[in-house]
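What follows is a group of structures, each given as structure tokens.
Shared chain: chain A. Partners: chain B in the first complex, chain C in the second.
Our next item is the complex of A and B:
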């Protein structure tokens, strides 16, 4: 095999492809645009939604409570909730989302508290509605606090220590590094996008260099050149791989820079800043790239093999469209919560890479899995390349009637 | 005994298995489940030899097997059965070494880089074929002299006219000075001037380098101007292989003149004028007529003069008899010929 022949074919295809607008758009423009749009656009949108939900003070009504001015005043002074004048159709108003919740305070609540009688309080909310639930929780919190305060007051009046009813206190502490927290949420779909973009970047050149060549009738002229078919197809493959990797690399660069920019731009509001408070380190970027290389080889060779079977550009596109779904599915599976690694899953192409990249972005390196996944994907990629090369030597594939 | 032939083809066959489609909706559904195949004999038992320096015309209607033969001769396709030895090589087995000794031009497709200046393609081909810089410069000089391509060497191929592109394609095919040149429809779609240019060039390289040329064509003028020998193929079979003059004597005598009258009134006068010559004007439509004549007996110019004198002629066209008609006549046994007279 002659390296210079392969490189000559490669150079020709590369020069040619750089003049093809479709290839350029899918290879350069798409990856450069998708991440800034995603991170800033979605980041702003999500941030605003979170702030809005948290900023809303739920409106509630107090039912009864006529003879208990203390608790009514107490509830009215709670800044977490807003008490509106009571109306008899409060239930309907909750259903209509005009108010979020209502609380039924017995008339003798204050007196019962003073006489140390048990008294029941009812909260009305709309089960399943997030905002109604938050309102009910806030009312509950108010009464819980009152309950603890009341108990403490009674203990003090009897000269008993408060620890009698509160023997211990429980506090939850987060140990996950900050990048891991958001990594699990955001990190999942970043590698997924890189994988999809690799496929998108490889698609047009793969079709153009095979089915496109058949359609233009130039396949015959290539075949009459003194370059062995294996070398022709390897040169073509290198071109497709270049497009796939170029798209992948641009996606990675664009992804990391746009997240840095998004952080700077959006950190003016502390809540959003917190949501984006993670960085993708250089090590993670490099690791994701290395994991993406065999995937790019697999895509390039696979697409080349499939497009080779087609007689025309259109036919190739209709073969490759369903393939995209085949790639999207395992990549999406990596996004699902609760999908965890095991050795068998490490052998599923695309899914395994998607999963391991998600972990890498989140700051965890399972070296043994990384090795298995890299190795297995390399094997799949080699098999796909072998198929592409063998197909290119078959007369009935090149000249399908 | 003379030197061995440059190209020798024996009992060459190429069969394709083609999917046989049934007609109609029900047939379409059946096609999905039960597939029937039929064997298409694209090239069926062809034998011929070509000597060094020969220019041979290879003609036949569409789908006759011309291109398939060329593809086998250039090593792109592997024959089903039969033998080809070309320039000492078995094309499909020693393809890469073999193609360095041949040049190929497919008329309707270019091997040049579509979007890039012509000269870039030449440089690429120089690398692929391993042509030395000196040889390359010398050839470019020749192409400039004979083909006049230097004016548009820096133009992208897509901006060239078909004739200009064909000249560049020919130059590209001959860059490595191959002893054999295969041309598949080299003049298709070209205007008269461009055709003439190409033919002159082919004659020039044939004389200068004794380049052996096998060309397929639809255009009988190509053959007449270039080839002394002609092979006719139809349905994969070689119908005729022999010298052109002989074929011309027997089969290529007929020409036709098609003319359109300004109005149909003059038709009667015309009919009479022609029938005095023993000719008959067939009506194509109300105002268009066709006269077939034997050019060895009737002078073309004399006939045109008669037609012009007889009526007001709006348009006039002189044509060869289409190749399909000639083949029909071979089948009809109008002119009994020995097939493969040289074999």
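Our next item is the complex of A and C:
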């Protein structure tokens, strides 16, 4: 095998691809833009929406409560909520989002409180609606405060210490550094995006260099050269791999830059600032990248093999679209809480890499699993490359009509 | 020199079943001669030439091209041929210069030789005006010249042309025809497929009439005229092909 021939083909494919707008968009523009758009753009938008919802004084209705003026007056004086006159269709008004919530206070609420009887309060809200949820939380908070105050009052009246009803207090103390807390929570997104973007970056060159060449008639031109087909396909494969890895590297750079900028831009909100108070170490980034390399090889060879079967750009795209779902599903599964390793899972490509990278980002290195996953993915990648090379030697594949 | 011996190519087609695209084709094409493979669409011309250029592998039979067996020394065969057809397109995003340079490198030429040959070829084909223009921005004539330069960069002994003038305008077709003549004059072995009778009459020293994958008649134009008793090449072609077409219709 001649390295020089492979490099000649690779250099040409690289030059050719860098002049292709579609390849450039998927290889450079998408990974550079996706993270700023997601972290700063969407982050700011969602953050503002939540803050706006929290700042709103929700309108609520009080159902019943006719004989309990104390609690009604108490609720009306709460500046966190705005009580509006009660109407019989309060449930429909919540659905129509005319009011945010309603609270059903039994008529004898005040009397029950005085006689120390248990009494039930119902809150009506619209599940899934952010503003309605916040309104319900505010009502709950009001009654929680009232409950504590009532208990205290009763204890005092009986000359009993508060510890009677609260014999001990429990406080959870976090020992993990803040970067690991957030890293474990959102660090799973790093490998997920890198894996998906590697696929996106490899897609267009893989199609362009195979089905695209068939469509444009250049495949026959290259086949008349004295370079063996194995060397031609390896040169093409290296180009697709370059695109996949380049997309991955740019994604990492873009992601870290975006988080850095997001920290600065969003630090005015203490809660958001706290959430972003983490860093993914260089060691973790390097380890994730190394784990992603065999995945990139697998994608590049697999996409080349699939696109080779097609006779046109469009046909190749229709073959590759379902593959994207096959990649996204295991990558997403790696993000789900509670999905953890076992030996069998370590052999499932993509999912295993996604899981192990999530752990790496959180600072945990399971070396035995890392070795199994890296090794098994390398085997799958080699098999995919073998298939791609074999297909490139088949006349019925190259000259499919 | 090209020596084809009983070349056969069988394809499996989903609709038509087993197809014998080329069926026992044998001929010899000598250096300094143009051999014209004349046939209608689907006669087996392209498949024959693809086998000679080792793009396709024969199901049976073999051929020696420039002294190398197409089955055993495919790489050496390709190193000694220049293959040009309407299907051998150019890389649109490369310039004319880069296109020819790429093929020079693929043929194992060193950079200095590639540059030297490109300079000579571009001057001869009057290509310097558009040498740095991308191939997808070239006119048809410019593209043809670039393709010619691509096939000549390694100075091959054997030239294979598969319907090279198909779809070209008069001026572009003339460039190709002139180029084929020049190849013969330089002592190269030239094989040329077409269904245009006038091109065959103008260019070819030997003619092979191919139909249904079989070589039905072969010889110089004078030989064919003498054997058929006809003067016009089209009449000779029809006389050779018609009985086989009738059989196919009955079948």
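The definition used in the following text is that the second predicted complex is superposed on the first by the 274 of 401 C-alpha atoms of A that agree within 3 Å, B and C clash if a C-alpha of one lies under 4 Å from a C-alpha of the other, contacts with A are read in each partner's own complex, and residues count from 1 in each chain.
Rule of thumb we're sticking to: a contact is a pair of C-beta atoms (placed from the backbone, for glycine too) under 8 Å apart; a residue touches a chain by one contact, two chains touch by 3 or more.
All figures in this text were calculated on a predicted structure; none of them were measured in a lab.
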Since both structures carry chain A, what do chain B and chain C do when superposed there: clash or fit?
clash
Please work out whether A:390 is in contact with chain B alone, chain C alone, both, or neither, and reply first, second, both or neither.
neither
Name the contact category of A:5: first (chain B only), second (chain C only), both, or neither.
both
Between chain B (first) and chain C (second), which does A:150 come into contact with in this model arrangement: first, second, both, or neither?
neither
Under the stated touch criterion, which partner chain does A:221 make contact with: chain B (first), chain C (second), both, or neither?
both
On the A-aligned overlay, A:399 touches which partner chain: chain B = first, chain C = second, or both, or neither?
both
Same chain A residues contacting chain B and chain C, which ones?
5, 8, 12, 15-16, 19, 216-218, 220-228, 395, 399
Which bits of chain A are touching chain B when the two form their complex?
4-5, 8, 12, 15-16, 19, 216-218, 220-228, 395, 399, 401
Touch list for chain C against partner chain A, complex
12, 53, 55-57, 75-76, 78-79, 81, 83, 85-94, 98, 102-103, 105-108, 134, 150
Going by the contact rule set out above, which residues of chain A touch chain C in the complex?
5, 8-9, 12, 15-16, 19-20, 216-218, 220-228, 395-396, 399
Chain A partner, complex, touching residues on chain B are 16, 18, 40, 71, 74-78, 95-97, 99-100, 102, 104, 106, 108-111, 113-116, 120, 124-125, 127-129
